[in-house]
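Read through the structures below before going on.
The same chain A turns up in both complexes below, where it pairs with chain B and then with chain C.
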Partner chain A sequence: MTHRPYTPWLFLAPGLAICLLFVIFPFFNMIVLAFTDASALGGGQFTGVDNFVRMAGDPKFWAAARNSLLYMVGVVPPLVLLPLLIAMLAQKVVPGIGIFRTAFFTPVIASTVVVGLIWTWLLDSRGLVNSVVEALGGTRIGFLTDSTLLLISSMVVTVWRGLGYYMVIYLAALANVPKDLHEAAMVDGAGPVRRFWSVTVPSLRPTMVLVAALSAVNGFRVFSEIYLLSGGTGGPGGASTTLVMLIQSVGRGLTGEVGYASALSVVLFVILLGLLLITLKLNRREDQL
Partner chain B sequence: MKRAHGSLALRYLGLLAILAISIGPFLWQFVTSIKGPNEDVFVPDFVPDDPTFGNYAAVADVVPVWSFALNSLGVASVNVVTNCLGAAMAGYALARLKFRGRRFAAVIFASSILVPFEAIMISLFLVMRGFGLTNTLTAVVLPGAIAALNVLLMRNAFLALPAEVEEAAIIDGANAWQRFTRLALPSVKGTLVVVALFSFMFSWDDFLWPLIVLSDQEKYTLTIGLAYLQGTFVQNQRLVAAGTIIAVVPLILLFLLLQKHFFRGVGEGAIKG
Partner chain C sequence: MKRRTFLAGLAAVPVAGCGLSGTSNTSSSASGQVTGEITFQTWSLKPKYTDYVNGVVDAFQKQHQGTTVKWVDQPADGYLAKVMADASAGSLPDVINVPPDLSFPLAKAGQLVDLDESLKDARPEYLENAWQAFEIPGRGGCYGFPWYLNTGPIFYNKALFQQAGLDPDKPPTNFKELEATALKLAEKKVAILGQTPSIADFGLYGVKLFDNDKFTFNEPKGVEFVETYKRMYDAGALIPEALTQNYTGAGAKFMAQQTAMNAGSAYDLGKFKTDAPSLYANIGITTPITNTGSANMFLHGVSVPKSSKNQATALAFGRFLTSAENQVAFAKLASIFPSTSKGGDDPYFTTEDGTDEARVRVAAAKQLKTAVNYTPVQFSDQMREALLQQLADAMLGKKSPKQALDDAVAECNRLLK
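This part shows the complex of A and B:
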């Protein structure tokens, strides 16, 4: 016997306690609450699927779900492609490359709030970007005051912050692309563009699927960028609110409708789990190729 | 040869363009933060007429930015310690001890990873209220105190260690705790650094949960303190800029000190997450 029977449980106790109390229990509690009319003050009666019926007829829910979906669809393509191009630029070891790589990673280090505030200032109606627009002869653009532009501006911030993060993932993958493939293609007379599509992209497909999946899940969960760029309002009339923002605003505070917020959370969870399962499936298919 | 020079020049041009895009916004924020009260901050001028650090003192007069920073630092430090210790202990048990129920424990951690925080945050708030912990920094720390992902990272690190050394220690009569602290833990320092770093960053960055669970300004962490500062003093961008620079400088210093671990962590996190 190498240890007493209860020893492993002493090792596990803190970790298990945290996960059970603050992840697993709230998760099941959320599912139960979704079928009640619980308020922030507690209590709540079982109301069957009332919350879900209400959701189906709630224009705010549909707008928020649409915004989250648009957000996901908007950020995935640039986050799959642009960091790959940057990684290819930063891959070759040339003098000073360490400084460049470090600098590209800086937006990842800065917290989301800092990044959000920096861009709120850049995209202000009188901010730096609009000064440039005016200098070029254009008129000021309401990046933060128009609900569509606000969504697009937030996507730009998400993409900007993701460049360095996904670049590092691509750098690791690029290091594993066999060199002789490139050399063979060069001997065959393939130019750089041709080599990119027929050598680099096929060898990086699993990584690209991974990046697409990570950025899709994170895109659908978006909260901070839109919250900060809109100053916490979700845009004019709340028109740019996302699903997570809606859950936060419905469920929070003394007037919080905990039951309805939980039903919204169930929908969020199902969608995110669906995305995750699709990813796993895609990954498995990639492995078999 | 000439062509090689041309392509190198193009590469540097591309690198410089990306550099400007990555660093430019920070630079502009910094420049804004050192512009004096008589200078128009809306004029796109990267060189301040009369640079001053007065805004850094002034921002502390309107909101307690240093106490926000202290709250953030406290929360992040506790997070680092609990994650390193708790995840290492649990990971060690999963990887190195044989017992009934090991599968069950592993399933709990694995399924915890699949639950997105955003889906349970309202329910989590009720749990904290049940414990009477709302509006405390303890409530900010607890949900992420031992992240399931870190437990699995540590488990993988311990699994990769050769079994022979520990078998010898068992014969010498070392108990599980001694084997953990004296043999296993020193061999996984690299992974521990990654866990520490990312726990710190995650905690320093966290916005949504403190926003939900904290209500008194004096308990604010830096992230929600800054959002509050922006909401209240939006007319003076110099102050908001100074606040953001205060929030970002410690992280940039940390990053410059521990660069290679960051990049390793991103790789590992991507494969595991």
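This part shows the complex of A and C:
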């Protein structure tokens, strides 16, 4: 058979074209725009680092960055631990386990808007949760009207939505944990808790680092949950606005400040890149140990 | 009130994709021959009004042989994004459905045809206040054919009024009475309103919103207005969600009978009847609360971009679509009102038939003659958000009403540049 060197490129071309058009070009365009005062309708003038100087003195940017950071810190631990525990339960072969696995995976495939609406109805001041609180003699809780509680409520939704996805990753990793390690530990008299900490966790450490990295990146660039629970406002006074919400708010519409929004996007990209590099380094260190 | 939602549930944008290339404003002749193909884009009119729009398109094509109108309807969700993408690329449809606040940035960027210049005889065909809504203040020129209008009464929940020991037949008619009623209702744990004031509400209160190319709603009257809302909020007369609520959200709270009053339109009445029958049974209808004597008006229009390769046909179609005859037919279908000087004379808008719908329709039509589109065309979505956030801070006591308004005005003026 004749080997034509361009054949692999022919197969790659459609994917590469899409990637170039919709990822690479917009990415470089964003970097260029970050140094301009472009608007949705105007080409914009080169303004040097003005957008970044403005950002440094913009309280909205700092508040949004703080909220994104808090969000990340809030969602990573439960998203690393809870799916692991669920995966350990879900890997058991018992009748009806399929229903259990499906139930946990459903939020992953459910429409974000539907999920947002359901949680809004649950957490509204007259919603189901507050009705129960009132019935039990408590006073209504402002889950969606207090900026701190709104952030926490959104974190709960993110964790709830992420459980199934990370559970699947853990299920795949758990299947690769050698059974003989568990058997050897059992022979040595280790109970389930000891086996979890001494066998399961060390075997899954690279997967846990991966889950931590993915959930940290997703947590830092959260948008949908806060957007939907706050009705697109970022909570009272916009106090729960996250970095991605701020980018959307600054850049949207015909009067959007596209240059400044791009500069914010560049900063977000740098932060996320930093996060991933740290994770990569941690992972390498794990491998070397 | 958010004007984008008043018809048939007419209900936002990524940054990437906007280039440094700018946009071309190639101008074809507005006085050329009415022939060829044009594209007409509407805002969420399918499927409810498909037959109506197709009828108008067919009639136009029949009247102007050799023309083809390609109708494209965009869903409400993402409409702004679509217009923004098309405008950035310089590829807007030939005739485009836009409200004044969307036409303003396009006109300011020089992308729309000036009707005062291209169709000098068109202005008298429309209501003066509707025509003015599509002008750029201080610069002149009109950049859109006024299409459908709406205004509305205030709806209130008689059962909640009774529950608080108030006369259900004596709703508040001005802002002073509104506060008194709100405080009485709040004593009985009934919230009267579901949102903080919009810029149009400031206008209805009599606050000077815009002057000499600057926003001015932080004037003493504006501060007084916010102080009124602060007293109501502190008393529990506004629901907690009011701080983050838009018009649609406040409407949903009223339908769920969580608030006692809400501004609405003839369209809402039909919605109450089908979606909230228990509310409909107790619905009270009253005139808009205003200190100026003029109600608020919302409108949509159609604009023709300068980039249209077939401007003459596009202008002819825009005028045809917004003619008195076509608007009256549309109004009868959609609980809206014509923006033409003649359409409002139709008996449909002047004669009551004993039904609540007719009563609201006739009252609204009468109201429209003096109604004002209070929302300044310069007031963008970002400005609306800034006002909402500052008002929330004022209600929560994080800032004084004066400081909150000063900050809102400063941000709006910054965004204006």
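By definition in this document, the second predicted complex is superposed on the first by the 277 of 289 C-alpha atoms of A that agree within 3 Å, B and C clash if a C-alpha of one lies under 4 Å from a C-alpha of the other, contacts with A are read in each partner's own complex, and residues count from 1 in each chain.
In this section, contacts are C-beta pairs under 8 Å (C-beta built on N, C-alpha and C of every residue); 3 or more make two chains touch, one makes a residue touch a chain.
Note that this is a predicted model, so its numbers are computed, not measured.
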Q) Would chain B and chain C fit next to each other on chain A once aligned, or clash? A) clash
(Q) Contacts for A:V168 in the overlay, against chain B (first) and chain C (second): which applies, first, second, both or neither? (A) first
Q: For A:V75, select first, second, both or neither according to whether it touches chain B, chain C, the two together, or no partner.
A: neither
Q. Thinking of the overlay built on chain A, is A:L151 touched by chain B (first), by chain C (second), by both, or by neither?
A. neither
Q: Check whether A:T112 is in contact with chain B, with chain C, with both or with neither, and answer first, second, both or neither.
A: first
Q: For A:T255, decide between first (touching chain B), second (touching chain C), both and neither.
A: second
(Q) Once chain A of both complexes is superposed, is A:M55 in touch with chain B (first), chain C (second), both, or neither? (A) neither
Q) Now for A:L246: first (chain B), second (chain C), both, or neither, which partner does it touch? A) neither
Q: Tell me which of chain B and chain C touches more residues of chain A.
A: B
Q) Touching A:R126 in the superposition: chain B (first), chain C (second), both, neither? A) both
Q. Is A:M30 touching the first partner chain B, the second partner chain C, both, or neither of them?
A. both
Q. In the superposed arrangement, what residues of chain A touch both chain B and chain C?
A. 26-27, 29-30, 33, 124, 126, 231-232, 247-248, 251-252, 256, 258, 261-262, 265
Q.
Could you list, by residue number, the parts of chain A that touch chain B in their complex?
A. 2-3, 5, 7-9, 11-12, 14-16, 18-27, 29-30, 33, 86, 89-90, 92, 94, 97, 100, 102-107, 109-114, 117-122, 124, 126-128, 131-132, 135, 160, 163-165, 168-169, 172, 210, 214, 217, 221, 223-224, 227-228, 231-232, 244, 247-248, 251-252, 256, 258, 261-262, 265-266, 268-269, 272-273, 276
Q.
If we count contacts the way the header does, which residues on chain B are in touch with chain A in the complex?
A. 8, 11-12, 14-15, 18-19, 21-23, 25-26, 28-29, 32, 42-44, 82, 85-87, 89-90, 92-94, 97-99, 101-102, 105, 108-109, 111-112, 114-116, 118-127, 142-143, 145-146, 148, 151, 170, 175-177, 180, 201, 204-205, 207-208, 211-212, 222-224, 226-227, 230-231, 234, 237, 240-241, 243-244, 247-248, 251-252, 254-256, 259, 262-263, 266-267, 270, 273
Q) Can you list the chain C residues touching chain A in their complex? A) 12-23, 80-81, 83-84, 87-88, 102, 105-106, 109, 111, 239-241, 243-246, 249, 256, 258, 380-382, 385, 388-390, 392-393, 395-396, 398, 415
(Q) Going by the contact rule set out above, which residues of chain A touch chain C in the complex? (A) 26-27, 29-30, 32-33, 36, 38, 40-44, 124-126, 142, 144-145, 230-238, 247-258, 261-262, 265
